[in-house]
Structures are given as structure tokens and as C-alpha cells.
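Attaching a single structure in C-alpha cells format; questions to follow.
Which chain is which? They are A, B and C, in the order written, and residues in each are numbered from 1.
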């Protein structure tokens, strides 16, 4: 594997004595789409939060582009090129779609004109440019998801963390989401996705890391994961009824 | 400057500090309960003092004997203010925090104006009470009995507050503060708790006010001075902490008295403000508070 | 990257605001001409002054969400600095006001630095206490004549020295320029990076952080701009009245009057401070004049009641009555 864009070495995190992540290690190659899979409570969210800087892991190290980032905080991590969406959509409801994305664009430019130009460009990529002047709170749920992505994209990340972006969408909406993810990867952005919808995720990702009860259970290509008996038992088994 | 003089000034300062502590406790209680800073707190004190004065003028009832009466009156006033104004302010959909600041601020201005209208701006005082013009001597230190009594009564009231916080009602108050929304689920009537909380907060300040009439002047603007000291005291002690209010009150009272002695009486508040700035920079949440 | 932006709601609104502002400026410039009554002209001058002051306060209190109840501090610093430089050292106020506003900006930074860590009410209380502290200090400071204040003697009519005899008209244009510049600064800030950042933080702090929004530096910037604008107002006021003392320069009622127009008109909006000033200042002046002296307290009662009623009835500000965008950001003071 070429120089990995992200490396996790024995990352651990507990909350009030309850272990959320235990000894998690894996690496992510630049340009790939990695799936982070696991049932509820497996520790996916806290791992996301650790990578994006929102929380500080108790143990282990996280290296982004070769440099340690744990403890730097969300602002610094975003500046370094890590973007993220939130599982529960958190739009700036007092602003329009365009204004929301401009907030993200301002991470890289100072002047409003430039931020506006970049924001409009990102909106086009995400298929929201027709809704640029709509107040964010008036969007439909799938549109809000795309706004989350657009906002994060505007910060020009090299690594994008997508938190359940495709959950709860109709098949058509989910397919549009998949196309968006592929379009993002085509721009050279590495993606880590947390998802529950296996049917949509497995064809999309290059590799997967499976978490279970806070630990890494397995790692490999989608085909390998699907055939891994432990994985099936722990997670897919519930879904596929084996 | 003799040791006796310093001791006298210091003890006088501590006694005033107890009064400050009680005033601050009322403020802290309300804030701790519902995150509302009562900018009309000083005016409640002022009203208590005028009430005492008026009752004394018309019935000859000594301020000391009026304590329970005025406390009840202020309790009612506090609860009424909550029901009439504050609950409405909290229900507002925009800018709740700011609305609540300006509602209590506007109320304070209104009350000062009302007092001016009703009583005029002249200073009043009660000079023929039981405690007036009497002193007590403890060794070489001579203290006005009124101040001594004020300190004592405030200390007792403070202890009562602490006891109350240990009762079931006190725990209900604490629970309501911790999680406003959840308490409804266990049958605690939030509105009732808040009204009572405001009532108690006002009553505490009322007690302090009654005791002050024995030796302090009464005027429409007397409240603003004490309110200011109360804010500093609460900030120093920590919002929401009774113990903090006590310790801070004593510190503030002492600092004020010593500053008056060492620097200049007209600048005595400088000492207090200096403390405030220090607390602000070094430990914003105060000695015992949680920010 | 091409910068020919296609027109959208933002650009259209901004252009509209400039247009309305320009029209308003022209109207206000013409306003005093048909009015002969000196008292009325004076009232308008004061209203314009407070329009500018309110706009300055709004930068910190409305957009940035830090409610300051001690803005008189910056007003007083501006007023006293300019006055002392003029009366003691002969430096014309047109220069002195820059020094005054610079010092005021510095003071704002000093105040903001420890207190921006504090959420909502704590910050309000801190500004209140600091403001009162300043008044007390000035009242006892011999160098600035303590409680007696400083009178500015009239020498000769001069634009440089901002001295005009009984004529109010020149001051009208001075204050109009002040209010206009303050408005323009607010307009610029609204469309700037900071303006966006402050609104984002008010709406959702965590989401804002995930977009690399760091607001402490921008709060400091807001504080200094707000302080500077307020300081200029103080300097202009001192020249207008010809007298400054601790009460008129640093008093609490002054702080409240500076903060109120934006609150009443609509915090965090462009027009709120103007509407608020236009409503409040004439009201306050007239009720103080008619009711203040003999009525003893009635003016305060009306004033206080008005504040309460307006805060409860129209928390989003009077600006919402005009259908103008009434919230330039979410909850003020919720960011903690």
C-alpha cells in the first residue's frame, strides 16, 4: 500500500468506564472508499469523532498524512484536511443553503466573493444548485443530507468522513447518494463511510473494517467480509439470517 | 491606626459581609434554579426597606418584629414577578436569554421610578427602632447593635436556606435545576417550583432589607448599590453555590471595609471591583461555582 | 476561477440594502432643512448619534451575541480623550476622536479577553460591573476633574474643531455621517467571513467547529470595532454638548440607552438599531423633558415598562414588523 492517508494505531476510548473503542488499528489508502461497519454500539461514532478531532482518544495514535492529530480538536483537523458530516443533520437553519456552504468555504478563503464562488461550485457537484436560495430548514431530508456533504466538501478535505449518509433514503435517493460519493472520490478525496445499509454500501466500497463491541473484528474487501464467519455471526448474520 | 480600630473596622466589614451574603444567596438561588439573572434584585431589597419604613410609620411596629411580615410580602412579590413576567420571558421563542436580561432590567427601572413617585427621592431612615442608636462593646471593639443584629439575623437566615436545601423541597429545587424537562415526568410541577424559588429568593433579600433599615438610609436608588455588590459576590463565590455566597460575602464585606479605612471611604468599592476583575481573569467560575 | 457570480438571494438582498440605505441617507440629509425648530433639530441630532452608537453596539451584541451592559465605558473613553486633548493640549477633536476611538478599541480588547470565555449572563454582568467601576474611578480622578466634569469653551466656529455656535445644522451632518459610516461598517461585517461565522456559531456550535470556525479571534475583532465606533460617538457628543462628566460619559443609564435600540429594533439585524433609535430616543427625550422633572419617576416607570413590554411582545425586534429579515442568526447567547 502506498503511503496511507490515515493510520490508526491501537486507538482506545472509554466513556465513564464503558469502553467504546478498544485497540483499534487500521490504515486507509489515499483515494479509496473505506466502509466502517458494525452493529449499534460497535464504536463507529466515537471512532469518527476521534478522527475528526471532536473527542480525544484515551490511548493509541491517529496519524493523518503521517502527522499525529489526536487532541488537536475539530477546528485544527478540518484545517488539515479532514471533513465530516453528522449522523443527525446539523444545518444552520437561519441561513440559506448557499450561506451554509459558504461557511465551509470560508475555511479556505477570506473574501465573501470567493467563498460564494466555491460554494456555488460545490453545490453544483452535490446537485443542490437549484436550491441555493432556499432556507436550510425548508429542505427535504435527502436534500439536507446532501447539504451536510456539500458543506464539508467546501472545506476542501482530503479525507471525508460520511456518517450514515445513506440511511433512511428511498432506493432512488440512495442511488443518487452513491453517485455523489463516487463523484467525490473522483475528485481525489478519500472517503470513510459509516453505514447500516449493506446492500448499498458493499458494492460502493473498496475495503471494509468491521467493528464489534468496541474492537476490530475483521478487515478486507467486501467479498472477504461477507464470507467471514465471525462477521456473519456478529453482524451480517442478523441481517442475512444464517 | 490602632489594632482596636482595625479590628472594629474588620468586624464591621464581616457583619456587612453577612448581609451581602444573604442578598447574594437570593440572587444565586434564582440563578441556580433557572439560569435567570435577576437584574431587579436590588430593587426588591429597596422595596423591602420601603415596606418596613411605611409599616413602621403607620403602625409603629419595630423593624425587628416586621421580619416575618415583610418576608411574606416579598415572597408573594417574588412569586408574582415570576408568574407575571419571568415565565413569559422564558416562553419567548427568540433570543430568550437576552429577553430575560432586559425584562428584569426594565422591571428594575420601573420599580425605581415607582418608588420615586411614591416616596420622592429624599433619603429616609428609621431612627427610633429598638436597635437604633445602640451599641454593643466586645472588649475594646464597639459596634452598632443594629449592624450586629443584622449580621446575626442574616447568618440565621442563611442557615435556614441551607437547611431548606436539604429538605425534600430543596431536593426538588435541585432536581428542577438539573433537568427542567425531565422533572415533569416525576410529578414535579415546574411552574410551582419556579414560583416558590423566586418567592424564597425575594424573601431572603427582604430579610436583609428589613435589617438594613435599622442603620442604612432608604432611597429609591439604594437597591442598585447593593445589587452591584451582590453580582460581584455571586461571581466571586460562584453562581449557584450557597457556600460560595457566604464566603464571598464575607470577603467582599471585609475588603470594602478595609479599603475604606486604608484608601478612602469614597473609593471603598474599588477594593470590591478589584477583586471582581481578579476573579474574572483567574477563575471565572468563582470559588465554588460551576460555569 | 471565474468570479462572475450568478445573482442569488444574497447578492440581490445586499444590493437592495445598499439602495435603501442610500435613499435613506439622502432623505435624512434633507430632513432638517424644512424644520426650523431648534429643539426638534437637536432631537434628530441625538437620534442620529444613538443610531450610530446602537449600530456599534450591535456589532458585538447582536451579530456576535455578547450582550454588553457597559458600553458607556467606550463612549466615555472617546469623549474624555478627545476633550482632554482639545482643552489641555489644543489638539482638534477631528484628530482627537481617532485617538479616543483607538483607546476605546483597546479597552474593548482588554475587557473582552477574559470575559469572552463567559457565557451569556456572566458576560453581561462582567460588562455591567466594569462599566460601573469605570464611572467610579473617573468620579474620583482629579486629572479629569473628577465629578465636576470638563467644559469645552467655545472659541470660534470651525469644522476642524467641530465647534459651531448655536447652529445645530452642522452637527446634524456630522452625526449623519457618523450613523452612515457605522451602518456601512455593519453592512460590510454582515457580508464578511466573520458575519457568517457568528451566525453559524449561534445556530450550531459543533457543526461550526467541524467547519473550522474559530470564533475567539473574531469576537476580539468585533469587540474592538464595536468599541471604536462607540468611542467616536462619545467624542462627537462631547463636542456637541460642550461638556462631559462621569455621569454623561460613563453612566449606567447611558450604557442601557446604547444597548436598547438594537434590542428593541432587532439584534443582529442591519436596520434594527436604526428603527430602535428612531423609536426610543425621541420617546426617552420627550418623556424625560415633560415628565422627568416634576413627575419624579413617571418617566422611569414608562421607560421601564416599555422595555419590558417590547422585550416580551417583540423579542425579535420591531424590525420584524416591516417584513424585513428579522433574524440574522439563531439564539443570541445560546452558544455559551
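Heads up, the rule we're going with is that a contact is a pair of C-beta atoms (placed from the backbone, for glycine too) under 8 Å apart; a residue touches a chain by one contact, two chains touch by 3 or more.
Since this is a predicted model, take the numbers as computed values, not measurements.
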Arrangement of touching chains [line / ring / star / complete / other]: line
Core chain by centroid distance, with centroids computed from Cα atoms only: C
Chain pair with the higher count of C-beta pairs in contact (B-C, A-C): B-C
Euclidean distance of C-alpha centroids - subunit A vs subunit B, Å: 53
Mean-CA-position distance for subunit C and subunit A (Å): 44
Distance from the mean Cα position of subunit C to that of subunit B, given in whole angstrom: 32
Residues of subunit A engaged with two or more neighbouring chains: none
Subunit C, residues touching no fewer than two other chains: 327
In the complex, subunit C residues that touch subunit B: 67, 69, 114-115, 117-122, 124-126, 128-130, 132-133, 136-137, 140, 252, 256, 260, 263, 267, 295-308, 311-312, 315-316, 327, 331-334
Subunit C partner contacts - residues on subunit B that touch it in the complex: 31, 35, 37, 85, 88-89, 92-99, 101-103, 105-118, 120-121, 220, 224, 228, 231-232, 235, 239, 264, 266-267, 269-270, 273, 276-277, 280-281, 284, 291
For the subunit A and subunit C complex, residues of the former touching the latter: 52, 54, 73-75, 78-79, 83-84, 86, 90-96, 98-99, 102-104, 106-107, 110-118, 120, 132-133, 151-152, 154-155
Footprint of subunit A on subunit C - complex, ascending: 1-3, 5-6, 8-11, 191-193, 196-197, 199-200, 202-204, 206-214, 327-330
